[in-house]
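Presented sequentially are two complexes of chain A, the first with chain B as partner and the second with chain C.
What follows is the complex of A and B.
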């Protein structure tokens, strides 16, 4: 045969010999590393257009049982850019800063105006930072939010991770935005990205997330109220929960929605400019709370009442976004994606959006009044 | 078609998902990518049909053996040289991409030489293996890993984070005139089968390429092309996708498995695709090695010692070129040279099919 044994032996020797080249792990040991849990970015006082970067570092401990509280270290530094500040921070600690496990990026709300590239570039460009990291806005500042250690936080679990991504709490008030989603929506024309807004209480022992921020490349960010955040989450992402309040003169109901869907169609006028957006909302659920005795036979009546209320609230939300010239639902993107590409399609949409007409139709289907009538 | 031929085809498709292919496609996403991909899909099925059909007359014979029978050696030597080089570059291109990826994502602190030498030593072992063993290895890796690869890709399809509006937006560019570069890049997905120019010596049975086989190749092509092109667009957005150097790594880094063993899928994803692409490199270099061996066959009866020396020399050349190129090449070079390579590949494929046609006619007369 052409493969004489000599070559095989030679190659085997080479293979075995290459084992000697390995220095155990190719990288530094785990006890020589510091795991950054979250990064906070604030505007800098010292530098013009600079940033103040705060790192929340999870400290290792021997056994989970022996520690009662999670241990963190916080370091911050100012720099002309995020990368520079982090590079300086590396000299503040004795170990390697490991960003591969960093899962939350918290940004001061003032920084969200305009183009984010200045400080987001670092996170997208670096290969070791995960694209599934959560991004959130912070009030009053990223540093304050990072330093909050909620009283409900257990050792070996980071509260900032549990809030998002439905891994622990699932609530329609909490918007989850991953890093890749932020990049995608921020760069796309015809959609605005939405970030959750993290706040804290006066005692600084709670993290409160129920508002959100719509950001745009051209203008100041706009804060969505609690109700708007909920509608955004349940209409666009199908979030559900125990949270939909509807009321008329006598009756006050709280609905527990288990299924929510939104579909819409953009219709054009004769000269091909977009004219109306017909939104159809479908909700399914049960009644969770009421201020009066209910009757199962009257479910249709409640349906009607709830539909009207949802219709009204959704319409106001759409209208407000239109007045601000923001498009968190991506109507513009949808418009672009349903017309054959023309050069002026984006322009056309941008001109038409401020005056476009919304027709909202809601269908609430309640299936029961809960365990009692 | 023997099942191994499908393996060859699929391994080439999977390896190219990660390598330079997608980036080239995205760079032309507003200049006729879609039409060219559709054209390449049909043409890809056609070249597979043409290839299998032309080898029908020579069951159990590899291309060098056929050339020996019907063509003067002075004609066959340049042909084999060109084909050997082409196949060598096919492997080299994937190799460089993977070394790059490893350095970027898995072992950022390792030197490029260590990574590359580990690769090359193992690949060399594969290269001088018997062809039959390579095919069996391929089957084994497929059985073990392909289900996972498919699982992760399908998971992406059902991910709630994927934005189908972006996918549809990409499709609105369907009316652009086709682009040659995209066409040839997509066509390269289908060239896995061409490895039978050497491996045909193992397929003693006559292979047929009927409607059934054509449909299968077609469906594989549709799935691969759709996944390679549209899924990253859905995850990463259509606007500015051309900025991303490794769209597929970025995409796999955007999958989250809430209850998976590892939440960040990219590491598992990389390892699986690495294993399949690794085999693809081994196969390409094995073909290349065999073609070169047939070129440097000085006497009809070579001694064992002579053969050993030839093997060693060829391997050393393989290594040296790989080292020089990998260390020198920047990402930009890789992108440009890959485009040149894909463009050239199309011509080579047509030439090869033409050659086979001539051989077929000679065999008949």
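What follows is the complex of A and C.
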């Protein structure tokens, strides 16, 4: 019995098992990691052309039900590049920095001029960063925005995640841009990417997102106003909501739009240069607010009035983008992808775009006045 | 008949001598004026009332013109007389009465069976369907099957095990659908069993497994007559051992163990939902502990952010790494299951309450485990019981430990690897020539072709 193999195996198992219970036995568990919720990038003061990186770290907390405020830690470091700064930041904390849950990248407004390669490259290459992370511009600085803890923020939910996408707030004023989308649009010819602009109030307890920034590789970013942001979002992405104001001499209507569609056609002149863009906008919805008594029989009248208004505003928006030589809708990309390849197709578009003619037609179909007569 | 011989014949004496000195051996000689009969039986296994009614009474009451030997020969209780003393003795121990009348010898089966009542189906309860299972007696069990399956092609082959207990067992099958090769393989396997004592179908099942270190059962043990019929009608062979209230079904594939008889009783979508739950339960109980370790310790990115934060928070203060925590809790829950199974039903409820509720809460309070893990482990424990057949249930419980070890060492990739290994093992396995992981699915073309054949 003494040399029985079973006894030997048992003793081995016992010894190995007791090793596991020793103090030296450790494992990189979830409680040894720090979850970075958001990254902020600002221009550096110390380094020329360097960056200041701020990390917003979500802290785990014991009883979610009893804690009222979410817990965050903030660490910042400056470095010649983003990667370098994050590498240094790893030495500032006692746990592993886990970027797998990093879902928002906030960039200082000033950094958006010119090519983004310098600081965005790190996020595209690092394997554990998800390409569905949101990218946003920040004013006055990324650090300030990250440090805002809105009073509506609940424990275990990050406000910066809830703002974008359609999972929480759904508003045509908020543009959502993903990391993969930004990279794709930024590098492609014939389209300019649009980033939401996050601002805060004086008390620093609110995050306000209703403007956006159009960025281009060659020039300074252009800020879109609230109305322009709304038109961009609802025309290109079909966002809907309670937000379309229509005015005429006596009547003031606020439309609640439930369906919005834009289609367009680029027509060419004889020598194949693009000449006009015919845009057709279709909106469907009901009247949400009015300053006068409304009648269902006059619905066609309201339709006509709303169509004219939408047509005018959309035309102005297209025209302004054209003057800035920006193309957030990607007309150029569409043109490139629907024409047979010629050597000068990009160049032809670039030459033609500043003088191209917009023909906007809007069709608003109101389904009811919003009340029962 | 002239002179009546008083002495018992030498053959009877020889048999009686071999059975002595058992207290229950009875050697009796019935004598009247013109005839004499010698009886040899064991009184503990023979029904006395029947003996009195069938042999003793007619012996004295039959008019002398009639031949008593013919009467004995015409009785329906007769069993075939085997050749050789040894076999005759075995028949006597089974409850046969050895009757010797002049030169004529007969064996009459007048067995008394203490427990031939059918028992309630306790292991595989269903709401609909038969509530009673099988019984301890082979005859009753065969009767139960015959009663539900009236086909002349139903064959019952009664054979005898070649070990200490010399038990009879029956192979039950429908000869029109069973594959002859399967029968041959089965018989050969049973005959080649080298065991000292087989007590019933449960250990017969164990011995029929030809691999020494096996995990998954290759035959299905059931107590439900509807499951027996369901499988027999599909061309399988049923093995019933005398003295055991369970029937063995062979061959079986993995999916037979996942089928409940209730699947035949409910409407289509209800059954689909139940099956979905059952397979969901299977994957939960096999993978969830490993998933917990893999995700918390290797790739927390898989969680949603909120969940990751909650899990991280619930692990604050837990002294041991996640895999030891999971091992600890799994062993705890296995102990609980085993304990409540062994205990009498009246006490087992208390054991579960004390173990599950009080210890579970206390373990979390004492920061020995995270409360998320308590949820995980209870979910695992509950979903284990969704698997209808208990042998498969045990096999799966072993599997999850293997997967846990793989995941502890290699992370989520290890979990995938472990699952792959498990599938390879199952694919490689067979049950009496049937591939173990054989799918019951056939595509339309195949079904059409099967019709034409």
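By definition in this document, the second predicted complex is superposed on the first by the 344 of 373 C-alpha atoms of A that agree within 3 Å, B and C clash if a C-alpha of one lies under 4 Å from a C-alpha of the other, contacts with A are read in each partner's own complex, and residues count from 1 in each chain.
Convention: a residue touches a chain if its C-beta (ideal position, glycine included) is under 8 Å from a C-beta of that chain, and two chains touch if they have at least 3 such contacts.
What you see is a predicted model; the values in this text were computed from it and never measured.
K.L.:
Go through the superposed model and pick first if A:7 touches only chain B, second if only chain C, both, or neither.
P.N.:
The answer is first: A:7 touches chain B but not chain C.
K.L.:
Quick one: classify A:160 as touching chain B (first), chain C (second), both or neither.
P.N.:
In the superposed model, A:160 contacts neither chain B nor chain C.
K.L.:
Between chain B (first) and chain C (second), which, if any, makes contact with A:348: first, second, both or neither?
P.N.:
neither
K.L.:
If you stack the two complexes on chain A, which partner ends up touching A:29: first (chain B), second (chain C), both, or neither?
P.N.:
Only chain C; A:29 stays clear of chain B.
K.L.:
Given the touch rule stated above, what does A:39 touch, chain B (first), chain C (second), both, or neither?
P.N.:
Touch partners of A:39: none, neither chain B nor chain C.
K.L.:
Is A:339 in contact with chain B, with chain C, with both, or with neither (first, second, both, neither)?
P.N.:
In the superposed model, A:339 contacts chain B only, not chain C.
K.L.:
Which of the two partners, first being chain B and second being chain C, lies in contact with A:279: first, second, both, or neither?
P.N.:
Neither chain B nor chain C is touched by A:279.
K.L.:
Looking only at chain A, is it chain B or chain C that touches more of its residues?
P.N.:
Touched residues of chain A are more numerous for B.
K.L.:
Counting only touches as set out at the top, which of chain B and chain C does A:128 meet: first, second, both, neither?
P.N.:
After superposing on A, A:128 lies in contact with both chain B and chain C.
K.L.:
Following superposition on chain A, which residues of chain A contact chain B and also contact chain C?
P.N.:
On chain A, the overlap between the chain B and chain C contacts is residues 21, 26-28, 128, 130.
K.L.:
Mind listing the chain C positions that touch chain A in their complex?
P.N.:
296-297, 299-301, 305-306, 308-313, 315-316, 318, 320-324
K.L.:
Quick check: in the complex, which residue numbers of chain B touch chain A?
P.N.:
Residues in contact with chain A: 104-105, 107-110, 114, 117-118, 121-122, 124-125, 128-130, 160-161, 163, 165-169, 171-175, 235-240, 250, 253-256, 258, 263-264, 266, 293, 304, 307-308, 311-312.
K.L.:
Under the stated contact criterion, what part of chain A meets chain B in this complex?
P.N.:
2-4, 6-8, 11, 14-15, 18, 21, 26-28, 127-128, 130-132, 165-167, 178, 180-181, 183-185, 187-189, 191, 237, 330, 333-334, 336-341
K.L.:
Under the touch definition given earlier, write down the residues of chain A that touch chain C in their complex.
P.N.:
These residues of chain A touch chain C: 20-21, 25-31, 33, 35, 37, 58-62, 64, 98, 100-101, 103, 128, 130, 156-158, 161.
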